[in-house]
């Protein structure tokens, strides 16, 4: 196993997440895509930690990323709920009044 | 002292703007009062003025401001700026008197014009590029409102066009200023003139000069940047036109002698031929197009293009250093400055007189008039005098200016003699205008035309009297200008 | 535990941030026990926190403490300016929003969110460490989503949704970038050591990481490509929120970008990307604003273009001494000027389109004056302070060897003339006023006046 | 929750992993592949519930891989947090949005081809970049003691990176406030009246 | 009174009085104007008389004075031999003409008198100017005053147009003086030349270095030819006959036109120094004498005849300057001034009394008022160059020198002399030949009041100047006679030996004149005098002038249209920037219309400008439309769809990252 393998796997996760974020209509599903992307970041960070960086800062980064995952998820639910309440929409393209 | 002279009208403007309950009559007379005080103060400045030593300014005032940028609040006068200060004071006073009979929002108008006066005075006294630019842009804003708020016809559109054009020009100017700063580390005009940056840099100097020139050329205006001028004048109120033509246009030409020439001597010499060519084209084109106009105000507007063209020719010729005597070039620059003053007085008077037409009849169309000399002999006399002054008849300031411009320019660059066609065309077009307006059969708009009244006469006559005085006794003016123009010529020749 | 030795002094050094946080807590907790009609007390607390923070920032500015918290945070002039600008901007936002927010069912929460987001913006500006940068990004962003959505209208919800989704994606991009930078830099996160650590790292990876971090920050700055939410949120959210989100986050974000670019090794020419993004922002913002008729959307696009101008000094970081003062001055000037424009909008509820402002000069000369000052300011005309900002920025660009950026700035300014004047001109004609709402909100009115005056005064006083 | 966390982590921490780098490599790679595959399946299945389970699986795989890389603490946290989060998501969908996750088949995709192309391109570009870059290597041997690793994390959090944690706490606060502000259907004044005494419901402004 | 003060007063006195009178006559209220009109002529005549006295004073004292004007170029005044002769002569004519006008002018008297005095001042300054600025100043004021005087009856458009023609044509020539002034500056005369120490002095011009000297000479020559109505500038003088007769008598005989010749006499050394300029002047003068002589012979209008004759007679002065016959030229100038003033006043008297200046209407007019008739006879005979009248000797004083230069010039000059005799004879025959029989009388009377309402009287006051001038027409012959001409030469500082005509030439020219006169008398009585149309139409000069004017006006029209298009294009650009679709659309329409309209008229020089503007238009149009499109594009990206935002974001991010990575790696 080398760093490249881990990074490629992380890149794959990132790209899969990106696909989800780009293709999904439902807000919650888009969030899932985003989470997957972060998943890739986590894997990459761990890989870097193992292979290149003895510094604990990458661990701290991982903690921060996890915190970010959580809070973003929480906000995502809140926003989705708000959207649902105000306009009965759960899809991004149902809320596209503001444009140009 | 200088700051007081400059900011007194601003104070008046603020007071006038804030005092909402002020009766119209009080506002009008307050403006007249401020304008007259300004004339007095500038007179005091003139009386106390002594030609400053080379590289210094009279009434120098400097206060630290943005030291990190090498900029400061720096004011001062010399032979180039003092006459224009005086011109500003006089033209604004004439406008104030003329506006005594204006009925549209007189308080706001008085405030706006007081504000404009500060910007004009400040610009001519500025000794720092940032201060200069500040007043330059503010004058645009002020004039925009003067046209949009008190104009007629398609005023909104014309004002917008004016703003767009001159603002574009001002940005060019700003770019040029930045270039000067980057090369020298200061915005101080005295320092920049004393030790010009960008000497021998070729392309960079040329580009900076080009940026500055575009800015000044739009304001002056020269062909092909002049197209904002006719609509702006046509739709502007009389006082607005008088200030625009009388004072604001001078900002462009003043910039040539104050900034472009002394601060970029190297580039100026290299590109003098461009300036001359633009000047000559402006002279001929402006006169030619003016000849074809049927609208009096548009015609006068185009003659401004022509008259400012003389200035451009002269300052361009002053940059052709090889093979011409320094006296000739100094003569050209003196002529240019004289022309600025002269054009301010005469065109100011002409626009006010055009305003009288509009006041009475609501039109500037010359074909609607005719035979006014019978109904309104005083108007006819004033207009005839102004017209002859404008076409450069000896005895008026225009002649003093033009003869110097031509003598100096042709002596330095013989082919500028082509521009002489301009004075022939101007003669033709003004005589045609006289004929259409004043003589011959009485036209439909002349029928009930009332002759000029008190305030109108008091507004216009002093301008023409001054133009005549300068024409007959030019020495007091020229003695102020000549040392400065010699200095400019020496700076360009470095 | 080398850090704990200086803990006390470190906390003192970040007193302005702490004051903001404390203010947020007090507002939040106190607010939940305060009857609706007494919420002005919470407002007072918030204002007190902001004023205290600004005062503390002023003292801090007089004697910057340098790096604190083991070098992860910089208390220098830039941080001081960010603190001052953020605090005073938030004050102005609260001022212009008094009528809109007062009595709102979540008034105290609004103040808490404003304070929290402000704290985030300040920390973002002061962060001298990639990890702090990430958390500051989160702290700044999360309250923003709530502020946008708080109006609870369809448009607000949509704006919140877009803001959130873009913020989340760009946050991920930011974290990905940080991961790469930490990975190749041997885990070095502090800017002080980053330059050296990255100098030996593979340039390609550093470049990719830096671009990712930069683009991530563009969400907070509201510049291309993170600009999409700005016009939508500015239009959909309440005026108060719109004024806040187009002003305060940018202050921190741009200084953060500045610090980041400064920390990147010279071999990786991040400045180039910044320059490209700057040009893209200003051009896109101006072009898109040209056709707008809704005032808040127009202002939203206008801020996109302003970010482009603000990025100019960042594009010449390290190549001229003018870059930092130019950025800081422009930020301060921009904040005041932009908020003045929003204050005018806030003072005249119900006027949504440019046409609604026709004849404003006659009906409300003072507001028209403030509008004129703010729009001319955004345009960059004297005597407003943004003029000097623009001048500084262009000068810095030229001085830093990027004269072409100055030219692009000028060309863009000309283009922007179109829409600023399209608002200004009808407002200041003496045409018959369109009187949509005879009531003028007093607090917002005063905020507008104050903003207009200070926008001019900054030029005269601060630049001394 | 904290109790479960402590137990689980202690179990994991006390289980010594075979220090065989080949095995670790295989494990990490395999877990990574699992994460990618389950992640990809998230967008292939036709119900939100399954998507949620698959996402959780992906996270668990990555968490395990992280643990395999001797980042035991972080890895466990990943697993635990993500499982919790997926549970919340399920609750959220059923309770608040009225969706029955098991029964609602769905295919809510737009411009899938464009997304696929973008994702594919990004993967190719990233892979090419990863393979071309001459990655640095750590000067010393890989860490062998997970306990020391966790200790160094704690040390960093309490020392040089203290500010990070100090800021994370207001982030959490902000999340709570913001989440409540957005999600709350009725504010306290609707519930308790403008004077908060719960007596008069005036309906309130807005 | 010191001579320098007298000199200043000579110029300033009439100027000030003139300005005051003119202003009072136009701008005062009705009552004030009435007072001014009543006082005008007494004041004016008194001023003129005083001026004559001052002229005599300065002629004796030869003072000089200067006033600072431009840097190194003052206004210099001075009286030398030449001006000592000319200034009093002009002053005398002014006085006489004003006396006549007192009786003749009936409306706008103050304005008239004022303008005449202003003009007088300008002439005095022209005659005494010693520096180029002073000369140019006076020269142009003279032109402007002539405009005001020719167009004096401003209610009639054609008279004002005539003034415009006069001013513009002479100003076209004046441009020469501007060039000359610039040339002198270029030649280094600013600040003082060698001989005078005064900047831009006329006396220093001859000593200029060759290149600039030629420029100056050319400029002066053109200016002088323009004022002197020499070929090809003669047409304006014909139009100027629209002015009142006293104006013609002063401006178009003694003063303004004469000043053209005078200037050439004054700068004769300059002309001689260049060589070519002298030759050119000589030939232009000689040819004008012949060509305009033919024109005069063909005229049927008395004033037109006199105008053409003025050009022709001044041709001799110009010829004199060209061949260096300064003495003869001066004598011719002075004598012609008296003679032509007389004839114009006579024509004016008849015009006022009979209401016509057509020769057909003046048949036998000499008999009606004997004094007028006698004066007319004296004048005509003098004009004819018949011995012993004035122009006989003076003309020969010129021709004598011309013969020394070139026999061809002499021959042409002699032909010109014969033609003068011929047209003078025509006048004589017509005005003295009584109409016989009722039918002929009716034919004559039918012409009366054709141009204005005649008064049928010639007041005594109007007759008095005629008598004085008639005496002068006879007496001034002495100027060209050998002893006196030497005296004159002495006064002028010329070589007395070379001055004056030889006896042979006097006899020859006398015989030629008498013969020509006799021939014309015969031909006119037989009514077989040829009056070719081309000559009656002033050699087509009028048509040519009209063509030039039309061409310029057409050019101006084109330029104006092109300029409007330029402006529209700029507006289009502005609108494009503003970008509102509707506004931009209408601007487009207007642009299109402008482009179409311009394209339709693209021809000639203006066509080139138009095409250029067309290009500008297209460019501007393109930029405007482009900006508009870009604005739309920029907004289209903001679709409102989140996934589009994401896609764009990813693309930009990818492009930025890949771009920078490639840039950094490949550098």
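Letters A, B, C, D and E mark the chains as written, and numbering starts fresh at 1 in each.
By our rule, a contact is a pair of C-beta atoms (placed from the backbone, for glycine too) under 8 Å apart; a residue touches a chain by one contact, two chains touch by 3 or more.
All figures in this text were calculated on a predicted structure; none of them were measured in a lab.
K.L.:
Measuring between mean CA coordinates, which chain is farthest from chain C?
P.N.:
Looking at centroid distances, E is the chain farthest away.
K.L.:
Could you tell me which pair, D-E or C-E, is linked by more C-beta pairs in contact?
P.N.:
C-E
K.L.:
Which one of the chains is farthest from chain A, going by Cα centres?
P.N.:
Of all chains, E has its centre farthest from that of chain A.
K.L.:
Could you please state the distance in Å, as a whole number, between where the Cα atoms of chain B are centred and where those of chain E are centred?
P.N.:
33
K.L.:
Distance-wise, how many Å sit between the C-alpha centres of chain A and chain D, to the nearest whole number?
P.N.:
8
K.L.:
Taking the mean of the C-alpha atoms as each chain's centre, how many Å separate chain B from chain D?
P.N.:
Distance between chain centres, rounded to whole Å: 71 Å.
K.L.:
Would you kindly tell me how far, in whole Å, the mean C-alpha position of chain C lies from that of chain A?
P.N.:
Chain centroid spacing, chain A to chain C, equals 26 Å.
K.L.:
Send over the residues of chain B in touch with two or more other chains.
P.N.:
160, 164
K.L.:
At least two partner chains per residue is the criterion; list those residues in chain D.
P.N.:
110-111, 114-115, 118, 122, 129, 135-136, 138, 155, 160-161, 164, 168, 171, 174-175, 178-182
K.L.:
List, in ascending order, every residue of chain C touching at least 2 other chains.
P.N.:
131, 135, 138, 142, 145-146, 149, 152, 160-162, 165, 169, 183-184, 186, 189, 204, 208, 231-232, 288, 291, 414, 417, 421 - these are the residues of chain C that touch more than one other chain.
K.L.:
Determine which chains touch and list them pairwise.
P.N.:
A-C, A-D, A-E, B-C, B-E, C-D, C-E, D-E
K.L.:
Residue numbers of chain A touching chain E in their complex, please.
P.N.:
18, 21-23, 25, 30, 92-93, 96-100
K.L.:
Which residues of chain A touch chain C once you look at their complex with the stated criterion?
P.N.:
Touching chain C: residues 14, 21, 27, 30-31, 34, 37-38, 40-41, 44-45, 47-49, 52-58, 60-61, 64-65, 67-68, 71-72, 75-76, 78-80, 82-83, 85-87, 92, 95-100 of chain A.
K.L.:
Once bound in the complex, which stretches of chain E touch chain B?
P.N.:
23, 26-27, 68-73, 133, 136-138, 140-141, 144, 147, 151, 154-157, 160-161, 163-164, 167-168, 171-172, 175, 178-179, 181-186, 188, 190-191, 215, 552-553, 555-557, 559-560, 563, 566-567, 569-571, 574, 577, 616
K.L.:
Across the complex, what residues on chain C touch chain B?
P.N.:
Checking each residue of chain C against chain B gives 322, 325, 376, 381-383, 387-388, 391-392, 394-395, 398-399, 403, 406-407, 410, 413-414, 417, 421, 425, 428-430, 460, 463-464.
K.L.:
Can you name the residues of chain B that touch chain E in the complex?
P.N.:
For chain B paired with chain E, touching residues are 157, 160-161, 164-165, 224, 227-228, 230-231, 285, 288-293, 302, 324-325, 327-328, 330-331, 334, 371, 373-374, 377-378, 380-381, 388, 393-395, 399-400, 403-404, 406-412, 414, 417, 420-421, 423-425, 427-428, 431-432, 434-435, 438-441, 474-475, 478, 482.
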